[in-house]
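Both of the next two complexes hold chain A, though its partner changes from chain B to chain C.
The block that comes next holds the complex of A and B.
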């Protein structure tokens, strides 16, 4: 058998490879100590909080008060104060539920899936993305709960032994939602908290005041940073990542089933599960950037949330945006291909009916606007990127609005109707922003918003070393 | 530097070495292909003459084989494009198999010609629309109603119930318009040619640009070509996604009169992805087994684990897509869609469905979950072969249950023979393309070397 030949000089004869510099995971000249100071000092308030923190917290808290007013009014007079009607019986409640729960998905994707895929760039954004997930799930949960009309009986949704002859209807995706969302919320909180334990340990040892040392000490659950602790921590963290990964897919798939199991034209679409999951990641990354861009500027975190992170998030947003657009194409394409009278007509109504403006708004927001992200300098321009994120968040809200509003033009004209939200719908929705930003700003103030320990693990690579190679304490 | 690493760096492939390495399996593939086609003809002729199968079944068998093998070329466009956009070591290892897969696209067009023939076969065609004439369905509906009434009387008399009757409701689907506007033989055949041209154009652009990026003597021209790869990859993904939707609709979904599922193109894509990736893996494992110095050293068990995990991901995705489609159609129970699954859950097909669930999901899932399975080249090779077989059963499942087989028949022997026939010739052509260029891109070897030597 003929064999290959060995070059005499022992080197390739091909052209020298074009070697690109590695992207920057941590900028500046950081050491183990300076990483701790730069992130920990924000949580322990050694570094004063910027004026904008107070402004956002103030607005958030005010809107949260509006939320309480909306809930109080709703509980006093019932769901009749909303704009819901027949045929649009879900209205804002389901639009906002899906929108918020979708936003949460990016946090879990960044924390769990990117961890399993060994993506280093997740490290500086996973912590606040996880917090975003938890607060988004909280906001999402409010809507179906209140839409029940009698939220104090929400426990009937669980299959518990009782003498009312009551049991959940397990063929209903609404019952699946209960399990999906509660599981998702629980796992997200545990995952987030487990990741925080070593950081709480660091803050316990470095916080300036006694109260802080005591509080962080309690929260760190006796963390000593021993080899045993690290071993168990790494194992638990990996297991939780494994549990969280299927949740990214299952939760929004089940949310999509809320619509797709029906036989309403354009709701009964088999592509809905992956289409919803991708849409959730799309809007979630828009929210991650919406939060990350101001935070890194206000707190001077450019060394940790580098252009590399921003660029990657923008690319994910662009990619998922294209996939979502593919979903829009598939919906229309399949409605036309099937030549089904109702599918075709409902599609026509969606595109050119009385609510057609909302469809074209979503096409602009989710397909056309993200196209600017093809150009790298625009991806790295925080102002352009921020505006795109806002547009995408609006677009993804409209996506759910368009789905829900389909009910106003389905099947027979005698079934047709219209839908308009009332001031109480709007106040409740805007109020959830208040809840979200109040909690998020409190998180930024008291909890390390970037993982200190994980950033320290990245240091050897940033300092020119590799995995397993140590670097000396102090600036290199 | 270890001896193995030094050998990898110093080793240079010659075309003679490549041809000798690949000529053995190439010859075998051609012989299998010829034997497969002979068997296809003999079995088909025998079954048709014995009345155990009809001409339609003969066509179906070919379509199954064609769709399976052509999906490798399509899938390679996806993987190569994704690699250019996202990077990663897996793409460097897989580049040559994927490029060779892409270069079989023109050969795929030759294999497509009989499918065009099927589109013009009129009433004998497997495509219902090939022999459909406007106004026909009204007549058929009236006739169907009479038939139904007769059957109902018969069943009442016999005290039996037959599920087939459930599938004949009054549907709100305009078949005449569907055929006139889209599913007519001329337009469908022209579209088929267009798909080949568009996908072929994208492949040609990607491949010619890759040649410049790797081999251009002008360093600046090479740099421009390498930068262009990202854009070529992006265009490739968009073209792939759109073409996949049209191809799966025209060539497969249109076999069913009323079935329309937006998930179906995604399922076809996922099957194509598994087929392509498993085929690429088998190529790499073969080269490693034959002690090609690059693959011995640069395709270690750790890389096998990474690549095997991709197969696991696609297997999980297959389950997710199929379950979602099945559950939503089952729960919707609409007369336009449900016949698709009624046909696939009766007359013995229900057992086939269970077997597929076990071997297309549970078994590969359980195997690919474990690192020692993925790191053992022999076990991994068998997993890849197994996946190719179950992917074939999937293509079989999309098409065959659409046609009712009244009598017990071994018609499926034709499908298997056609699969070997088309496949043997296809692999022969593929290996010929693979032998034309170095089996790893020499310009990027340093990335694999750096990683595998711990730098």
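The block that comes next holds the complex of A and C.
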């Protein structure tokens, strides 16, 4: 294994082989300058981009074109081109909204909660996880906007003085959602940008071309690394992490209220907020690994995204997967224990009704498939882990599908129905992948995907670093 | 009036390749009575700001005030729109009477919370930029070529020419005793 530099709780990598050999936050023999070169040269294109960058960008851009086709067709003919109808009036729009925003939550969790918990392994994965959050929230926001039918009137969602003398109804979770998601998107962008300011300063000084130096110089706001600025900066960053933590829980709780405040059987449950938050973290970590595994291979970033990072992310996935599975068990249990006829019957329909296949798909993807992660060699095998991540992402999509599809079988048989997405539902959904990957590949190309300045803290004292002691642990 | 002379140089820069000698140097320069000094580092080093005596920042207060303003405004906004200007009666819970309105107060907490978070974050980032005097793409320090290594692998101590104790030769001699890798004059 690589020469260890940082041990997370005193275990150094020179420890005997029977002791945990994993914790290496930064491998290789890096110095402050080589960290800058290894990460910054990717963003400044000094290091050529691998062929796979062009392939993924090409696919993403093509799918993004499909997105434009889907939106154009939708706006021309109206939401009737989707498969939505009574009783399933939301359909794909809410499934995909919840799925994307859930994916975004892992980015905030990694950057905020793990910072507060002094988890140093967050440092190399937080930057691109935050970028993932921003692009995922963008993709999520598309769906409710388009589901309105007339998205150009979206500003009606906000309270503004208007000549109808009408305001939003603030006792509704749908109104809360507007504020939660816009706040979440804004705070995510702020958090990401604040973290980037010093790194843009690094690129300003190291970029080879004049245009790059000018552009990064402007983006860095003239950051010059003054100790006064650093101290304020660290404080703001820490407080942003502190407020992002309850924010991420509140956002997905509010998303779950969209369901739980209604009185549909199996929706009207107090377990929904924690169940949704955990599911969001589960799918988000799957997406982080889905992105990290190819990136570290293509760009040779094994020194920064080490096996320790991959192992920890896989463990978080396994843990949250078990908690989500507990939620599935709890739903069925409560249906039986409550003695509610409607809960019991809707559960029966969910398990063995016309959409039973989707329930068992979800159980396979979210409960059975992640069990392979108990075994470390499988966790550390990038191919196995990648496949598990894809399965989990599919499974978490099916979780929302199963919840939304509940509407086809609720109280009165006279209101029962079927729901099937149309080709335009699918094209719009697949098109958001195009948006996501186009933006993400551009991010990889122009922005340092790992925090250069924070990685320097992880360097040993002999290389000018701080042995991984971030300022958050230092004196007041 | 006219006897205020613009300094020809911005100040002096002493260069280090590790944080610890810089921290020692800052302590010694401060002990000599210099006040307009600063330390520059390629990443956040707590010890440098500590040595400069800049222990507590104002950012927490700014963000707290920002958050309180935002959450209060968000709550009052909901109260005014849903109870005063266009009362919406849901479950018999709407009235111009504030106590009647407060019977459904939990429904108004999510937006109150989100409003507080939003303004707390915005006041933090704009406060940071404003208090640090950013954006400032053309600071005199960038006139020194050597300073471009500050974002890479060098630590710097700056003594500004506006410091009352500043004397080009004497200060340069002082800095030379603090085992720097180099001492540079920064043109203004």
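Here is the rule we use: the second predicted complex is superposed on the first by the 438 of 476 C-alpha atoms of A that agree within 3 Å, B and C clash if a C-alpha of one lies under 4 Å from a C-alpha of the other, contacts with A are read in each partner's own complex, and residues count from 1 in each chain.
The working rule: a residue touches a chain if its C-beta (ideal position, glycine included) is under 8 Å from a C-beta of that chain, and two chains touch if they have at least 3 such contacts.
Computed from a predicted structure; not experimentally measured.
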| item | value |
| --- | --- |
| Touched partner set for A:273, first chain B, second chain C, both or neither | first |
| Chain B versus chain C as contact partner of A:381, first or second or both or neither | neither |
| Partner chain in contact with A:234 - chain B first, chain C second, else both or neither | second |
| Chain B versus chain C as contact partner of A:334, first or second or both or neither | first |
| Partner touching more residues of chain A, whether chain B or chain C | C |
| Contacts on chain A seen with chain B and repeated with chain C across the two complexes | 171, 257, 466 |
| Sites on chain A touched by chain C in the complex | 31-33, 36, 159, 165-171, 173, 175-176, 179-180, 182-183, 186-187, 190-191, 193-194, 198, 201-202, 204-206, 217-218, 221-236, 239-240, 243, 246-247, 250, 254, 257, 453-454, 456-457, 464-466, 470-471, 474-476 |
| Contact footprint of chain A on chain C as seen in their complex | 17-19, 38-50, 52, 54-60, 63, 67, 74, 77-78, 81-82, 85-86, 88, 90, 104, 107-108, 110-111, 113-115, 117-118, 120-122, 124-125, 127-129, 131-132, 134-139, 141-142, 147-153 |
| Interfacial residue positions of chain B with respect to chain A in the complex | 6-7, 9-14, 16-17, 20, 172-175, 177-178, 181-182, 219, 222-223, 226, 237-238, 241-242, 245, 249, 258, 260-266, 293, 320-321, 324-325, 327-329, 331-334, 336, 442-447, 454-455 |
| Chain B contact footprint on chain A (complex, rising order) | 1-7, 10-15, 17-19, 171, 249, 253, 257, 260-263, 268-274, 322, 326, 329-331, 333-334, 337-343, 466 |
